[in-house]
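Think of it as A, B and C in the order they're written, each chain with its own count starting at 1.
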Amino acid sequence: MFDAVWRNLPYLLAGYWVTVKLTFFALIGGITLGILVGLGRISKRKWIYYTVTFYVNLIRNIPLILVIFWFYFVMPIIVGRPMDPFPSAVISFIIFEATYFGEILRAGYQSVSRDLIQAAYSTGMTYWQTTRYILVPIAFRRMLPSMITQSIVTYQDTSLAFVIGLPELVRRTSIVDGLEVRSIQLFGFVAVVFFITCYLGSIVSRRFEVQKERGF
Amino acid sequence: MRLAYNFDWGVLWRAPYGVWLLQGIWLTIQLGLIAWIIALVLGVILGTMRIAPWPWVRRLATAYVEVFRNVPFLVQLFFWYFAGPMLFGQTLMFKINAISGLNYYVAIVGLGLYTASRVAEHVRAGFASIARDQFQAALSTGLTEIQMYRFVIIPYALRIIIPPLTTEFLTIFKNSSVAMTIGVAETTFMTYKIDSETFHGLEATTGAMVVYLLIGLGVVKLMGMIESRFRIAGLVGRK
Amino acid sequence: MIEIREMSKWYGDFQVLSRIDEVIHRGQTVVVCGPSGSGKSTLLRCINGLEPFQEGEVLVDGVSVSDPSTNLYQLRQKIGMVFQRFELYPHMTALQNITLAPIKVKKKSREEAGKKAMELLARVGIPDKASSFPANLSGGQQQRVAIARALAMEPEVMMFDEPTSALDPEMIKEVLDVMIDLAKGGMTMVVVSHEMGFAREVADEIIFMDEGKIIERGTGEEFFKNPKSERTKDFLSKILI
C-alpha cells in the first residue's frame, strides 16, 4: 500500500534527519537568544527596551517564509558569496523563533513575584546572580508547557525551509512525488509522521502542565 | 565595509514589478479574508462541539482539532493540492486538476480548515472561562441548552476571546504566504518572482515586509474597533 | 408543593446528599443553613434538575424530577432561582436580562415582556436601572435584578442559594427586604442562607444540614433557643453573635 514510501525510505529518512537537525539548532539558538530577548523586554533601560520591542514586533508581524527569504538574500551580500541553505535557514529560524520564545520567557519572568526578587536582593545578590539563581529557574518551570508547545511549532515550521531548497523531509517528499506521483501515499506519510511526533509532544506538554498546577 | 551589491529600490514600483507586487497584495488580502470567514464559522461550531454533552460529538471535534494542529500547514496544503484530487477517483481527478486557479481555491479552503482548528481552541477556552453558575442561571429560567448557548454563552464567550482571535486573524495573513508553494501568486510569491528576474530580492523582500506590517496594523485597528463596539462593560480589556 | 423522598446523591464515590426527606407546602418559607460543604447548594440544584441524583425521588407539584419523560424546561419555568454571585448576563442590560427567557421560552412579545420587566424592577426598587449593564450596578442592585429575572417567569417556587453571601454588608438589607416582601406575599420559598434575622422573621421552618444530612428541623424561636443536637448548637453558636 505504501510502496512508494518504502521504495524511497532511505532518501526520505535522510530528509527527516535534516528536519531534526534544523529543529535542534533552531531551538538551541532560539531559546538562548530568546532568554536575552525576554530580559530585554522587561529591562528598565529605555534604549534596550525600545530596540528589543521594535525587533520583536517587527518579526512577529511578518511571515516566516519572508524571513527565510530575506536572510537567504541578505547573507550572501554580507558574507560575500552565495550561501548554503542550511546555515541560512538556521539563522533565520533563530532570529524568528527567539521572538516567540522571548515573549513566553517574558511572561514567565513577570509571573515571578516582585517580592521574591526583592527578597533575593535584600540578601545582597546582584542583578545577574538573582536572575541566574532565582528568576530563571522558577520562571522556567512555569513556562515549560508553553516552551514545549512552541518547540513543536518550530519543528513544524522547518517544513517552510522548503522554499530555499533545503533538502528536508517535505521537500524530498515532493521531489519523490514528482517522480512517482503517488501523492496520497507520500504526503499522507509525511502528515502521519508529523501527526504522531507532534501529538506525542503535546501529551508531554500536558503532563508538565498538570505538574505546574500542583507545584510551584 | 564595501558591499558587493547595488541597491535598487526601484524594483518596488517600476513596472511591471510594482504591478506584480500590487496584484500579489490583493491576493494576500483575498486569501486572508475569505479563509478567515470560513475559519470563524467552522471554528465556533467546532469549539461548541468540544463542550457538547454528547461524547461522540466531542470526540469528532477533538479529532479534527488534533489532526489539523499536529500537521504543518505546508504539508496540509500539499496534501490537499496534490493528493486531494486523487481522492475522488481517476475520472474526477482529471476534471478537478483542469480547473484553472485550482491552487487559489485549495489555498483558501486549506487555510480556512487549518485556522478553524485554532479558532476552535480559543472558543473552547472562552467557554471554559465562563463560570458554571452562569450556565445554570440561564437554564434555571427555563431556557433550553440551545437557547442558552445561542443567547447567553456564545455571545459572551466571543467577546472574551477577541484578543486571541485578533492574533489568529494576524496569523492567517502570515500563513497565506505558504500558498506560494503551490503557485498562488500572492505577495511572497511575487517577491520571489521579482528576485528571479532582477536579482534584487533583498529590496523586494523588505518591501513585502512593510506590506505585511501594514496589513497587521490594519487587522489590529479593525479588531480594536470591533472590541470597543462590543465591549462588555466592566470586563478587563487588553492592557 | 415540593416533596423530597429519601434522596441521595454521590459525586463518584463521595456522598454529597444522604437520604434527604422533606416536604415543603405551598406558601411556606423554608430556610436551610449549615456549614459549607454540607450539600445545601447541591440540594437546591437537585430540585430543579440542574444536578442529577442517584437515589430517591423529588416531586415538584406532583411531577417527578428524575423521570426521563419529564420536561425539565417546563419544570424550571415554575421554579425561580437566585444565585450567590448573581450571574447576570454581563453583555445584556438589566431589562434584557429579565426579558430574555419570557420572550424566548414563553414566546411573549417584546412589549409585553418589557412592561412586565419594568413592573418587576419597580417592585424590587430600581426601575431607573433598566438600561444599565451589570458592571455598572452595585452588588445589591445586581442581586435585585437577578430576583426580578427569576420572577419574570411567574414561578410558583423561588429558590435562593446564599443570596447575600457575596454582598457588602450595607447592601444585604435591601436584598433581604425584597425577599421578606416576597415571603409575606405568599410565595413558596426555599432559602439557603446564614441570615438568621431573615429566618426569624419569615421562616416557617428552619433546616440545619451537615455532611449531606438533615440534622435538625425547627420552627422559629424554638430552633434558636433550644437546638436539640450538639452539632446544631455548635453551628449556631458560631454564627449568632
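One rule holds for everything that comes next: a residue touches a chain if its C-beta (ideal position, glycine included) is under 8 Å from a C-beta of that chain, and two chains touch if they have at least 3 such contacts.
Computed from a predicted model, the values in this text were never measured in an experiment.
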### Query
For the protein chains shown, what form does their contact graph take: line, ring, star, complete or other?
line
### Query
Any idea which chain sits dead centre by C-alpha averages?
B
### Message
Taking the mean of the C-alpha atoms as each chain's centre, how many Å separate chain B from chain C?
### Response
46
### Message
I'd like to verify one number: the distance from the centre of chain A to the centre of chain C, where each centre is the average of its C-alpha atoms, in whole angstrom.
### Response
53
#### Entry: Intercentroid distance (Cα basis), chain B paired with chain A, Å
21
### Residue list for chain C, restricted to those that touch at least two other chains
none
### Summary
Within their complex, chain B touches chain C through residues 131, 133-134, 136-144, 147, 151-152, 155-156, 159, 230, 232-235
### Task
Over in the complex, which chain B residues touch chain A? Could you list them?
3-5, 66-67, 69-76, 78-79, 82-83, 86-87, 170, 173-178, 180-181, 188, 191-192, 195, 201-202, 205-206, 208-209, 212-213, 216
### Residues of chain A that touch chain B when the two form their complex
58, 61-66, 69-70, 72-74, 77-78, 80, 156-157, 159-160, 162-163, 170, 173-174, 177, 183-184, 186-188, 190-191, 194-195, 198-199, 202
### chain B partner contacts - residues on chain C that touch it in the complex
45, 48, 50, 73-74, 76-77, 79-81, 83-85, 87-91, 100-101, 104-106, 133-136, 146, 149-150, 152-153
